[in-house]
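In the part that follows, the structures are each spelled out as structure tokens.
Two complexes, one shared chain (chain A), two partners (chain B, chain C).
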Partner chain A sequence: MYKLIDKIFDTVIKLLTLFSLLILVFIIIFIFKESIVFFKEVSILKFITGRKWNPLKSPTDLSILNIILGTLYVSFVAIIIALPIGVGTGLLLSIYTNGKWKVITRGIIDILAGIPSVVYGFIGLLVIVKFFEAVLDFPTGESVLAGGILLSVMILPYIISTCSETMDNIYKENLFSSEALGTSKIYMARKIVLPESKKGIIAAVILALGRAMGETMAVMMVMGNTPISPKLLKRAQTIPSLIALEMGMAEVGSLHYHALFASGLVLMIMLLIINIIFYYIKKGIHVR
Partner chain B sequence: MLENIKELLFKIWIILSGATVLFLTLFIFGYIIKHGFRSINIEFIFGNPKGIPLGAEGGVLPAIAGSLFLTIIACIFASVLAISTSIYIVYYCKSKRIENIIHTIIQCMAGIPSIVLGLFGYTLLVVNLKLERSLLAAGITLGIMIFPFIQVRIEKAFREASSTIIQSSYALGVSNSYTFLKLILHICKFEIVSAITLAGGFAMGAAAPIILTGAVIFAPIPKSLLSPVMALPFHLYILIGEGISLEKAYATALILISLLLIINMVSMVLIFRKRRSTE
Partner chain C sequence: MKKCISVFLLVILIFSIALTGCTKENPSGATGEQNGAETTGGESGTFKAQITFNGSSTLAPVISAIATDFIEEYTTWDKVDSSFPAENIAIYVSAGGSGAGVKAVLEATSDFGMLAREIKDEENKKIGDPRAFTLGIDALTVSINPENPLTKIRDDLSMEEVKKIFAGEYKYWDEIDSSLPHREMVVVIRDLGGGAHEVFQKSVMGDTDVREDAIQAPSMGALVTKVIENKDAIGYASFGMVNQNKGKLIPLKVDGIEATKENIASGLYKISRPLIAVKKGDLSPEQQAFVDVLVSEKGSAIIEQMGYVPMN
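Take a look at the complex of A and B:
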């Protein structure tokens, strides 16, 4: 009797595991299958190097270089803003908090990471965009810069938690010798923890880059969504917002529909590469 | 002298960064609470959207209900898969190589942007399996999104669970299934529930995957798994995107944030209780 239950249990566990791993395969196959229809009509090279996106004019006038550049541009702006703040906070947390406070600050950062992107977009629209238009008198507040600032707030929690994880370990490893030598905490943070956690910081940047590039709603609400060549103070568009905005309009099976899948595929491939790099860097840190 | 200045600058830098993060957190919550509090009332929470355009008057009950249902479906779907995958990796998998492959796959899944998951849900569930835009399709899409998140945390909990109890259980000849269901799940129950609630919060706030797979501008409280739903994040997006009502948008954002805060509190309390019980 127990043997039978055990056997069933084993099989169920194995089947469910297999199923959850197959989901990734399915995702790749389905996105690929829908994109390949498009690539039969328009060459891949033209798709990613052309600058025109005009689904209404001619069906083959679909290429996304501007949109790819927009995605990368806004993500880099976000990282440049968020990195110093994130690393600083990471240091502060790993050196000056312990025990109960560590759990509480972790919780606060988790909450910050858990704020939905729509809410971020909402605040961005009412605060950042309005500020640009009303106070700084820009012709348009919806811009790459607005998107970058908003995204930098959104990726901060990821940078902080990845950095402070590495810094915690380095701090603990060196605490004993440092105390024996009588150095101050702040000296230790500056001379040991910061330089030693270089790899952790790189991992944090890569993770944050992935998050920023895949972000949809918030960016969509503050960037104006115009597929032109991106400039810091002008409108631009990112791949996720392109998909979210146009999927509803595209007729199932039309070339426009398949082109959106193709841009999804491009985005997915970029992010898969980024994530695999992140995974190996992080693994390298733990081995050390 | 130079060292001193450098040290001072360093100190200023890290304190300023910490202060910025604290300020941002307070600002975001303060902003939503301050503006949302004015237009929130019983009628808003328990009423249906009314007015022209729809949403300009009335409440958001169907959206609250829709969001809760979506979260529950996503959590069930994701946690069943996540728990079994974690059990497999920790207790069944003998080869280090297979374990690495599984980890890489899960890492890749975590990296897929939510909008691409939405595309996948749309082509597979909505178009090919003919589920239409529905609670089920959107729930499963959200489930796929939070699966890696739950799996990583549960696997960590399993690994930290004391192996002596488990080994004694094997030594006594207790069966596999009994060990898992009665011992391991019991030992790790706080972590498991905490991981699932936290992930539920992510699912509740996500708009990108459900835009394509199930969320609609107006629907009554869903009666079956196959009916379309309203969801708070999507409702919020429509209220601002279409410029329907700023006041209602603030109130919707406040409700969404409060639900998420409650979920996060639950998760934090669970972790605290676990720490206390082990100390």
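Take a look at the complex of A and C:
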């Protein structure tokens, strides 16, 4: 009797797992199928190295190098801003706080990750963009920098939690010996915890990079969505916002429509590579 | 190993059953052959209590408002026409852009598609048997911020100037008139593939490209907000939006013609686009009843209230 129940349970669980795997496979097949139509007309190389995106003109005017660069640029700006803050907060959380305060601070930071991105975008539009225009007297506040600042706030929780997880372990491992030697906490933080958690920090950066590149709504609201080659104080466009912006309007079955799927495929491949790197780095941490 | 294979086969089986359901359904409503002037009392078999709309985000709030009014007035179908069964009226409106509207009609996911542009020939061909209802006209006005000093010297731009501004030939405001400050023009447009831009491209730009570094606003609301917030901005705000935000942004005359209801309706004001509801095949009587309301005086009044120019 129990054997039968066991068997049923076993099968059901396997089915459910397989189902979620199949969903992924279906999504990939679907996007691939839709974009292959485009690649029959325009070569892949041309698509990712050309600089002009103009869906109203001839199909040769659909290429996304500027948009890929924009995606990478804004993500890197976000990481450069968020990394020092994230690493510092991680250090503080794992070395200087414990008990109740640690739980509360972590909780608050986790809430930061739960705020919907439209809300971030709204704040970005009314605060950051407005600040650039009113105080710094830019002709327009929409810029890569504005997107980067906004994204840095959004990826901060991911950097902090990944960093402090690694740092926690290292701190606990070395606490006993370090106390026995009578070193100060700050010395320990600088000479042991920080260098030892290098891999954890890299993992955090890569996780955050993936997250930043996929962000749509908030970035769309503060970047101006202009497919020109990105400069820090000028406007730019990212792949997710390109798709969100134009998918609703594209005529079904047109080359423009398929080109949007193709740019989705490019983004997916980029994210896949990043996730694979993340996996290997994370594996390296646990082996140690 | 055997178990693994059996599990795998089972899954394939389940999926093949599930996927057989995915064949294309015949569009409902096409069966209503004998709806000749209400001679037959009730076509009980084909009656559908709900009507769905999908498409242009410009038209969606209009249809939504008329539908709300319609439902409040009648509640159940039998009050609209005694030959209908006493079922609750349900009208669903969702927005996803003009392209999505055509797509919804093609794939029969919605009864009606909403478009804020002309239906392309290609799309007409794909639908095969389209029934289109032009409900109103929306015009695009070339609008600037009220704080822009240009408003003090003139209220008029020529078509040529508008074209040059959006093409990027004029980069600073003082290039239009030397008394204006040397500040960069901030050109705001909708996304290049969208309905609004298509209209603007066709009626103003012609073959010229819009400058590459123009800001692409994700919605008409965002475009208007940008013009209201930024005093160097210029963009093509829709006539409806300008009326809703009167005083916060200033529409300019183009070639001396002001964007007024009369000028838009008569076609004198050139930068305009139709608002269309389209359906594949014949309408069922209940759909016809709602469309009648859309083009009625009352529907037109709501269309006008929302800031567009009604057709009728």
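In the analysis below, the second predicted complex is superposed on the first by the 279 of 288 C-alpha atoms of A that agree within 3 Å, B and C clash if a C-alpha of one lies under 4 Å from a C-alpha of the other, contacts with A are read in each partner's own complex, and residues count from 1 in each chain.
The criterion applied here is as follows: contacts are C-beta pairs under 8 Å (C-beta built on N, C-alpha and C of every residue); 3 or more make two chains touch, one makes a residue touch a chain.
Please read all numbers here as calculations on a predicted model, not as lab measurements.
Contacts of A:Lys234 after superposition: chain C is touched, whereas chain B is not reached. When the two structures are aligned on the shared chain, A:Thr89 is found in touch with chain B, with no touch to chain C. Contact with neither chain B nor chain C is seen for A:Ser143 once the two complexes are overlaid on the shared chain. In the superposed model, A:Ser178 makes contact with neither chain B nor chain C.
Contact with neither chain B nor chain C is seen for A:Ser63 once the two complexes are overlaid on the shared chain. When the shared chain is aligned, chain B and chain C each come close enough to touch A:Met221. In the superposition on chain A, contact of A:Ser75 is made with neither chain B nor chain C. Applying the stated contact rule after C-alpha superposition, one finds that A:Thr162 touches neither chain B nor chain C.
Between chain B and chain C, more residues of chain A are touched by B. Residue contacts after overlaying the shared chain place A:Ser197 against neither chain B nor chain C.
Residues 14, 19, 221, 244, 247-248, 252 of chain A are contacted both by chain B in one complex and by chain C in the other.
Within the complex formed with chain A, the chain C residues making contact are 7-8, 10-11, 14-15, 57, 96-100, 102-103, 106, 120, 122-123, 126, 183-184, 186, 191-195, 197-198, 201, 209, 212-218, 222, 229-230, 232-233. Within the complex formed with chain A, the chain B residues making contact are 6-7, 10-11, 13-18, 20-21, 24-25, 28, 31-32, 80-82, 84-85, 87-89, 92, 102-105, 107-120, 122-124, 127, 144, 147, 151, 175-178, 180, 198, 201-202, 204-208, 211-212, 233-234, 236-237, 240-241, 249, 253, 256-257, 260-261, 264, 268, 271-272, 275. Within the complex, the chain A residues that touch chain B are 2-3, 5-6, 8-10, 12-14, 16-17, 19-21, 23-24, 26-27, 30-31, 34, 84-89, 91-93, 103, 107-112, 114-123, 125, 127, 153, 156, 160, 186-187, 189-190, 210, 213-217, 221, 240, 243-244, 247-248, 252, 260-261, 264, 267-268, 271-272, 274-276, 278-279.
By the touch criterion given at the top, residues 11, 14-15, 18-19, 22, 53-57, 130, 133, 139-140, 142, 220-221, 224-228, 234-235, 237, 241, 244-253, 256-257 of chain A touch chain C in their complex.
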